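The structures come next, written out as structure tokens.
The two complexes that follow have subunit A in common; it is paired with subunit B in the first and with subunit C in the second.
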Partner chain A sequence: MSYYDIDAILTDAEKIPCTFQLDIPDLGYLDNTPNQPLKAGTKVSLPLWLAEMLVIANTGGPDNKTFVTFDLPRALGNDVVQALKADPRAVPLRDQSAHFYGLATHMMDLSEEQELGSVLRKTFVTRAAEISLHARKVGGVSAKGKGKEEGSNLGIGGAGEEFLRGLDEWERKLFRKAHDGAKSGKEWMESIKKN
Partner chain B sequence: MALPLPLGLTHSEVAFLAEMELVTVVPRQRLESIDLLSGKTPPLRPPHRTDLPLWLALLLKKQRRANIVPPPWMHPASLADIVHRETKVHPQAFSEPMPTASRARQSEPGYAGRIGGSGDNNSGEVILSPPFQSNCTSAAPAGYLPYHWLEVAEALVTHASDDLGGNTSEIRGLLRDLVEVRAAKMRDSAETLGAEGQGGVVSLRGVGAMELAENRGFVLGVVDGVRKIGGAVETARREREEEMDLGGGEGGRGGYGGDGDSDDDMGI
Partner chain C sequence: MPMYGDQGNKLVQHAKRMQNLAHLPPYQTELVRAVTREVRDLDKDVASLLEPFQGSFDPSADQSTACTLLVNHLSMRRNKRCLLAYHRTRTDKLEELVWNGSDVLDLAGQQAGGGANGATAAADSGASSSSLSPQEEDYVRQYGDLLAAYKGQWTDIDLTGSLEPPRDLFIDVRVLKDAGEIQTEYGAINLTKNSQFYVRQGDVERLIAQGYLQKLG
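Right after this comes the complex of A and B.
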């Protein structure tokens, strides 16, 4: 991941629910109680970059506690995972998080979720096949032309609209790549006839 | 920062390279040999057939100085056979690529040697591999698709349709069918790539240059995504394995050996 990668930066800003394990003075404003210390056991949503540091580091005390413990964010919660298992294509991932896969890979680095990896992999490839289908169909090579879909250049329109709106950033990039390939294929086909 | 140029060759570059393919022409006029950078073209003597690069053949065709003999694999029967093989016989795999040029050995019946190979040293021909092997001349075998099949076929259908024996629309339709069938296989390969136990490998044997150019970005994107997702799992597995090894190694790798092979390939 590049230092300048906007998507990596935005992924780092995703909030994940954390529980503080210590009383921390002067941080009460995080929990809307500005004049008191932050109590141990308070749940606060922290951005991923901060939570990551606090989870990894330990307090150095005798019991080797970490500063915070974290839960999986709602985007990776049980409901979503069960829905993905049932039918990966039916879940609008973007509604969960715009950087769903980036968030998920980060969380898998931090937690010991066995199942999540295989569910995600299956989700990704199943949706990738669907993405490729849509990328090719809209404004693609089909010479027959299907009404309004034919002129569309953005890949939006027709039946796939809802699915395409639910793509997260990784999938959008994938869609763009697949669409660029199909589009330049079509352009080449047309260029043959010109010269 | 990444270069805006896409990986690999673009469509127009592939089409340009495809113009190197030799095709057979029947000249209508005499033309002396032309001394080009890549070598001399053979002199044209009507009505003898000659092999010329596609770009020159198309040029002469447009000037009505030559007729192009379509390669045997472009015959509708051959194309229909390939479509049948792609859809019915092997619905998963791409059809076989063109075999390398071979010739039956006289001394050992039942064996074939490469043309110009050790089998017949006296022939004096040069060993040619696919980009230079003449896969699009009239001597090429039918029933196989060469590497540049789509480019050559499209060029001939568009510019030399009167040489195709009146089957242009049929050929065009069959080519469309082939393109669609193979594109669907390319899409399905994405699912194969991520399937457990497949090792993230998919065979691209027999895929044409233009199809590669079209699907390169997508397939690489899928592989990259699967690699990133698998990477976290893989690191966790390695760590656990190391811990197990340090802790006396009593369990070995039995517990998670099931998906071990596929992950090994992914976690680069």
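Right after this comes the complex of A and C.
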């Protein structure tokens, strides 16, 4: 992940629920009340780039508090985790967050959630197999990279289309790579035969 | 809820969309200006927050001010990252276009699509304004000079030439735009619009890349 990585920057814009631990007079605008102080205990959704540091930073006071505490975003909430445990392929990750895995990785850095990591690992492995299965069904005529929007080219049924629509950005990249790879392989084989 | 960093995010979304395009969309002058203005405002806020402390600010004594300062600082840093990433994505694209041999400045003037296949360039000429910022035009010009100087070290090989081995030495081409007279081993050819020629591929490769000629067959 580089400083200039567009996807990393967009991942950092994902919001997580935070609770402020102290009164802050000048930050009322974060709670949509620019003229009033932000009260301790106020719940605000903050983007990762802001929340991450506020969660870690120490107030420097005697009680060793942090400025804010956070909860897991709904995309990684209990409902989603339970659904992923049941069948990773049945959950449209994109509906939870376009940068689902990126968000999850950040959250695992911040929280001590033990179970999340293993659930996500299983999710990715199961779904990756499914993705490569779909990506290999190359029609040969499909436009480069855009193949998945045109289900007919890929020769997949409605269920497959539904699954592919639910891929998050990382999985989409994986799909595209697998798809392009299979396509180039096929093209190369054909050009060999011709000569 | 409008918030610091929102404008920067829009800029990065533009960059994201740009990654999947063959051409370079117009430079977001307004957005870039808005983001830099935001940084300047934040910096002013920080200065006025710190002013009463006369350089001896103690974060643990005034935690709420410390938090405000941290939020402002992070917002500035975020904006900086968005700005840099946006411009970097664009310059990457510009370098790619220069390497492909497409006439970027000319293309920009026409707002035309297609870096690799500049052949479509002539087809959709539209708005007269450039999609490059003045600084970017400068960048392209100087990068082009650098590339030319680099290529100049090897006279017997064209670094930006096609990587596809040619199937035929000679090809049919159609002229899409007047390109004037060119010199070949077999004498001069006058390339006027809509005419067709049977020429040596090596002689016209660059003109094809620049969208003056179209390869037939």
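The criterion applied here is as follows: the second predicted complex is superposed on the first by the 174 of 195 C-alpha atoms of A that agree within 3 Å, B and C clash if a C-alpha of one lies under 4 Å from a C-alpha of the other, contacts with A are read in each partner's own complex, and residues count from 1 in each chain.
One rule holds for everything that comes next: a contact is a pair of C-beta atoms (placed from the backbone, for glycine too) under 8 Å apart; a residue touches a chain by one contact, two chains touch by 3 or more.
Only a predicted model underlies this, so the values are computations on that prediction, with no experimental measurement involved.
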Regarding the shared-chain residue A:120, is it in contact with subunit B (first), subunit C (second), both, or neither? first
Tell me the contact category for A:188 with respect to subunit B and subunit C: first, second, both or neither. first
If you count the residues of subunit A that each partner touches, which comes out higher, subunit B or subunit C? B
Could you look at A:13 and tell me whether it touches subunit B, subunit C, both or neither (first, second, both, neither)? second
Now for A:67: first (subunit B), second (subunit C), both, or neither, which partner does it touch? second
First (subunit B), second (subunit C), both or neither touched by A:53: second
Applying the touch criterion given at the start, work out whether A:112 contacts subunit B, subunit C, both or neither, answering first, second, both or neither. first
Once the shared chain is lined up, is A:4 touching subunit B (first), subunit C (second), both, or neither of them? both
Once chain A of both complexes is superposed, is A:29 in touch with subunit B (first), subunit C (second), both, or neither? second
Intersected contact list for subunit A, partners subunit B and subunit C 4
If we count contacts the way the header does, which residues on subunit B are in touch with subunit A in the complex? 1-2, 6, 10-12, 15, 154-155, 158, 176, 179, 183, 186-188, 190-191, 193-196, 210, 213-218, 220-222, 225-226, 228-233, 235-236, 259
In the complex with subunit B, residue positions of subunit A that touch it: 2, 4, 101, 104-105, 108-109, 112, 117-118, 120-122, 124-126, 128-129, 132-133, 135-136, 141, 143, 170, 173-174, 177-178, 180-182, 184-185, 187-189, 191-193
So in the complex, the part of subunit C that touches subunit A is made up of which residues? 1, 3, 5, 9, 12-13, 15-16, 19-20, 49, 59-60, 63-68, 70-71, 74-75, 78, 81-82, 84-85, 88-89
In their shared complex, subunit C is touched by residues of subunit A numbered 3-7, 9-10, 12-13, 22-27, 29-30, 32, 47, 49-50, 53-54, 57, 59-62, 67, 145
